[in-house]
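One chain, chain A, appears in both complexes that follow, with chain B as partner in the first and chain C in the second.
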Partner chain A sequence: MGLLTILKKMKQKEKEVRLLMLGLDNAGKTTILKKFNGEDINTISPTLGFNIKTLEHRGFKLNVWDVGGQKSLRSYWRNYYESTDGLIWVVDSADKRRLDDCKKEMQALLLEERLAGATLLVFANKQDLPGALPAQQIREVLELDNITTHHWLIQGCSAVTGENLLQGMDWIIDDISSRIFTMD
Partner chain B sequence: MATAAVPEFDDLEPMDFQEEMLGSSNSSIADTKFDVTVGYIEEIIMDEEFQDLQNNFLDKYYVEFEDTEENKFVYTDIHKEWVETIEKYLETNLARKMPGFHMQEFAQALESRKDEVCGEIFDMLVSFTDFLAFKELMLDYRAEKEGRSIDLLEDLVITSMSKPAGGAAPAPAVGGGSRQGTTQPQLAVLPAAGGSKHSSKHRVK
Partner chain C sequence: MAESEVVIVGETWETTENSLYEEKKGAVVDKIQKREEELAEKREKRRLEKEKTSAEDETSDFFATTFRKEKSAIEKLLDESDSTPKDGLSDHFDVITAAMQKLQKFVTDSTSFLPSYDVRQAQDTIGNLQAALTEKREQLIPKKKFAFKKKKEGVKEPKKKATKVATEVKPGVQVASVVQIECGFADKDSQTLTLQPREIENQDVSLARLTNCTVKLYGSAGTVHISNVTGCRIFTGPVSRSIFVDDCKDTVLVIACQQLRVHHTLDTSFYLHVTSRGIIEDSTRLLFAPYNWAYPDMGEHYKKAGLDKDRNTWDDIDDFNWLASDAHSPNWAVMNEEDRVSSWEP
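And then the complex of A and B:
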């Protein structure tokens, strides 16, 4: 670790949280990010790189990193693992065909050493769509109950309506802060 | 660890050493060495050569940066290189000023002084690691390069860097009035630190 990185870690402000949002393409990551931030969500196109937003929420400074999910982009994900406090895995609950792919990618992430300390929030997104699987079923398909290495929660939500986004975010912040900030 | 407790002073400039000793009779030898190192870091960063290094870097890569909300993956690589370049430059120049200098040893000294690591110089060093600040720096640089090439010639005379403390007024760098570019670290932060060579010697009682 170089000098600047060491300094950065030392001077990291209290109540500053880094969240990394990943998932297959078209899962709704960018839409969640923008909706949560109160932005217009009508003109979002597939993310080919990454977005960063710094949000203030409940006195926390959230640095949210949203990285494109297309297959060809997934090899870049690893460049964003460092210092992640919380991983938000976004699932298109209506895309049953790719749930298996979704599970594989998520499980691979959970093996990543640099994400070992991260809290996992699974957003079962697109609950507003008629064909969407409920969160409970996504939970089974993804075999979340087998996860012993990370704190996790699955939250059904809709990025379009905004339903349950806040609940998910609140949970992940609570979990992270109970792990990190109470140690002071 | 052991080496940190037994610093070698042969390699420090006698003048600096004495200045330190006069001002800090309570400080341990390790504290003094730490403060001297921080003083050198300030010197290195205030030097014109460091400004050149930054400008060369910006010149090399600014065309990659576009003023869109979404970021390209290559930005991450470039930012990483930016941080590494600056770290390497600091290390090389510290070793030149302090033969026998070891960055790891200094890093350990830093970590044992968590509560004292404050002041402009550390804020500035940390700011180099901020991705969004870096992107803005690149975009400002690009805007000036492409949008106002005549202005640019004036802007790039960042004289305040090379003339710290009471030299030529830093006005030219800020003179444009409406210019956004003044948020660039080399325009705003460095001149502000100009001449405050001893500002971080907070340990001196």
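And then the complex of A and C:
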């Protein structure tokens, strides 16, 4: 019990949360991460590999893993599943051609045993584009209502304007902390 | 304790019998005493800490006992609901719900020190209790007309939030109609196709299934998707975000954008302005040269798109199928200067 208690105390003290951000390429994962962190988003290149950022938000330490979404990188996603508290699935709401792909990849993730306990936040990104589908339609296309294995929320947002990013992040942190941290 | 120290100290200072000796002796004794006190304090602290860490409410046994007790209390309440008078039923169920919430919080509080198996067991039990409660409630209190249907057992606060989002938005559209193209061209052969600035400004432009066409997009689009294109020449003004190229063959692309992503493309030339590193994937025999299209008002469109005219990494391309950093990807090359087309407009 001694070790467990120490571990518990450490986790409580630091309130550390591990978030994994995935989605098809060009969804805007890196842009969300950089915008959230207040960095310049104009020079972002497609992610070759991954970015890790540690952010402080509302007293939580967020370890965000942003892994590239190119087809050839998707097989490596599994290397990042371990001990993930929250999964952020980013969708390019304007990319209607690949919504089917998007759905398939997401559903495959949800079957993953190592992600079984993770909270799911779906960011319907690029809402600032005129051709973007609203969050409700993305919700239907991705058949989110059939998900019974994870806590989930879909949030329309725009990484470019920053709209609703905070709301989504706050929700996922609240949901995770209600599971893993002792409520004060 | 002080006695023994005097002896030890006395040995050391045996020969000096003056006041200096007394003074030093006093100091040493003081020091030793102080140390002794510190040690005792430390011991006490350690003892307290130990007591704290092994506090009994953090053991699995305590958890199991309490959990069982609470569980049977809830079950008893559930059984009682059959004999509860009709007008007291809703209060009765509220009491049960509150008890369940308390139990849920207890489990949540305990997750950090419980084995995950126990946590899952506890969660399952709560889920079952909740199912039983829902069943009882449905059975004993007739459903109200506007009641929300519960989709899943064990629904917690966050899930409700998600449901709320849903009710705000109107019923959706089928996927088929969703995929229609709002701006751009599709299924054309041997034509010259042009779009003007006001038609494409900040739009998501799509060019699909074109053969032997010349496409000119004047102005600053938001994004451009190019797919299934063969033998075409495609010109774009400055695109404020990404250009996405998929499944192109024998094509010339004269394009400017913030991000370039190329997939499944063969034998294609790019005259490119890109302000971040472009990427290619599953593509080969690609040639790259600097962007050189020009039309009046282009400077203004650059401003609208927010592209930096002076930053162009057209010759810095990442190949996702070639991760070796010490050798150049065989799938793309910089176009020889003498092979480049220097002017496009007739």
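Going forward, the second predicted complex is superposed on the first by the 168 of 184 C-alpha atoms of A that agree within 3 Å, B and C clash if a C-alpha of one lies under 4 Å from a C-alpha of the other, contacts with A are read in each partner's own complex, and residues count from 1 in each chain.
Throughout what follows, a residue touches a chain if its C-beta (ideal position, glycine included) is under 8 Å from a C-beta of that chain, and two chains touch if they have at least 3 such contacts.
Fair warning: this is a prediction, and the values are worked out from it, not measured in the lab.
Colleague: Could you figure out whether chain B or chain C reaches more residues of chain A?
Modeller: C
Colleague: Which of the two partners, first being chain B and second being chain C, lies in contact with A:55: first, second, both, or neither?
Modeller: Neither partner.
Colleague: Look at A:79 in the shared chain and tell me whether it touches chain B only, chain C only, both, or neither; answer first, second, both or neither.
Modeller: A:79 sits against chain B, while chain C stays out of touch.
Colleague: Which partner does A:137 reach: the first (chain B), the second (chain C), both, or neither?
Modeller: After superposing on A, A:137 lies in contact with chain C but is clear of chain B.
Colleague: Would you check which partner chain A:129 touches, where first means chain B only, second means chain C only, and both and neither mean what they say?
Modeller: second
Colleague: Is A:175 touching anything from chain B or chain C once the two structures are fitted on A? First, second, both or neither.
Modeller: The second partner, chain C, only.
Colleague: Output check: A:25 vs chain B and chain C. Expected answer is one of first, second, both, neither. What do you get?
Modeller: Once the two structures are laid over each other on A, A:25 reaches chain C alone.
Colleague: Return first, second, both or neither, reflecting whether A:2 touches chain B, chain C, both chains, or no partner chain.
Modeller: Both partners, chain B and chain C.
Colleague: Which partner does A:166 reach: the first (chain B), the second (chain C), both, or neither?
Modeller: neither
Colleague: After the superposition on A, what does A:95 contact: first (chain B), second (chain C), both or neither?
Modeller: In the superposition, A:95 contacts chain C only.
Colleague: Pick out the shared contact residues on chain A: the ones touching chain B in one complex and chain C in the other.
Modeller: Overlap of chain B and chain C footprints on chain A: residues 1-2, 4-8, 11, 48, 73.
Colleague: Using the touch definition from the top, list the residues of chain A that touch chain B in their complex.
Modeller: Listed in rising order, the residues of chain A that touch chain B are 1-8, 10-11, 47-52, 54, 73, 76, 79-80.
Colleague: Note which residues of chain A are touching chain C in the complex, please.
Modeller: 1-2, 4-8, 11-12, 25-26, 42-46, 48, 70-73, 94-97, 99-100, 119, 129-137, 139-141, 144-145, 148, 151-155, 160, 171, 174-175, 178-183
Colleague: Over in the complex, which chain C residues touch chain A? Could you list them?
Modeller: 53-54, 58-59, 105, 108-109, 111-113, 151-152, 156-159, 161-162, 165-166, 169-170, 172-173, 175, 178-179, 182-183, 202-204, 206, 222-223, 225, 227, 241-242, 244, 258-259, 261, 263, 275-279, 281-282, 306, 308, 311, 318, 320-321, 323
Colleague: Which of the residues in chain B come into contact with chain A in the complex?
Modeller: 69-73, 75-77, 83-84, 86-87, 90-91, 103, 106-107, 110-111, 114, 117, 122-123, 125-126, 128-129, 131-132
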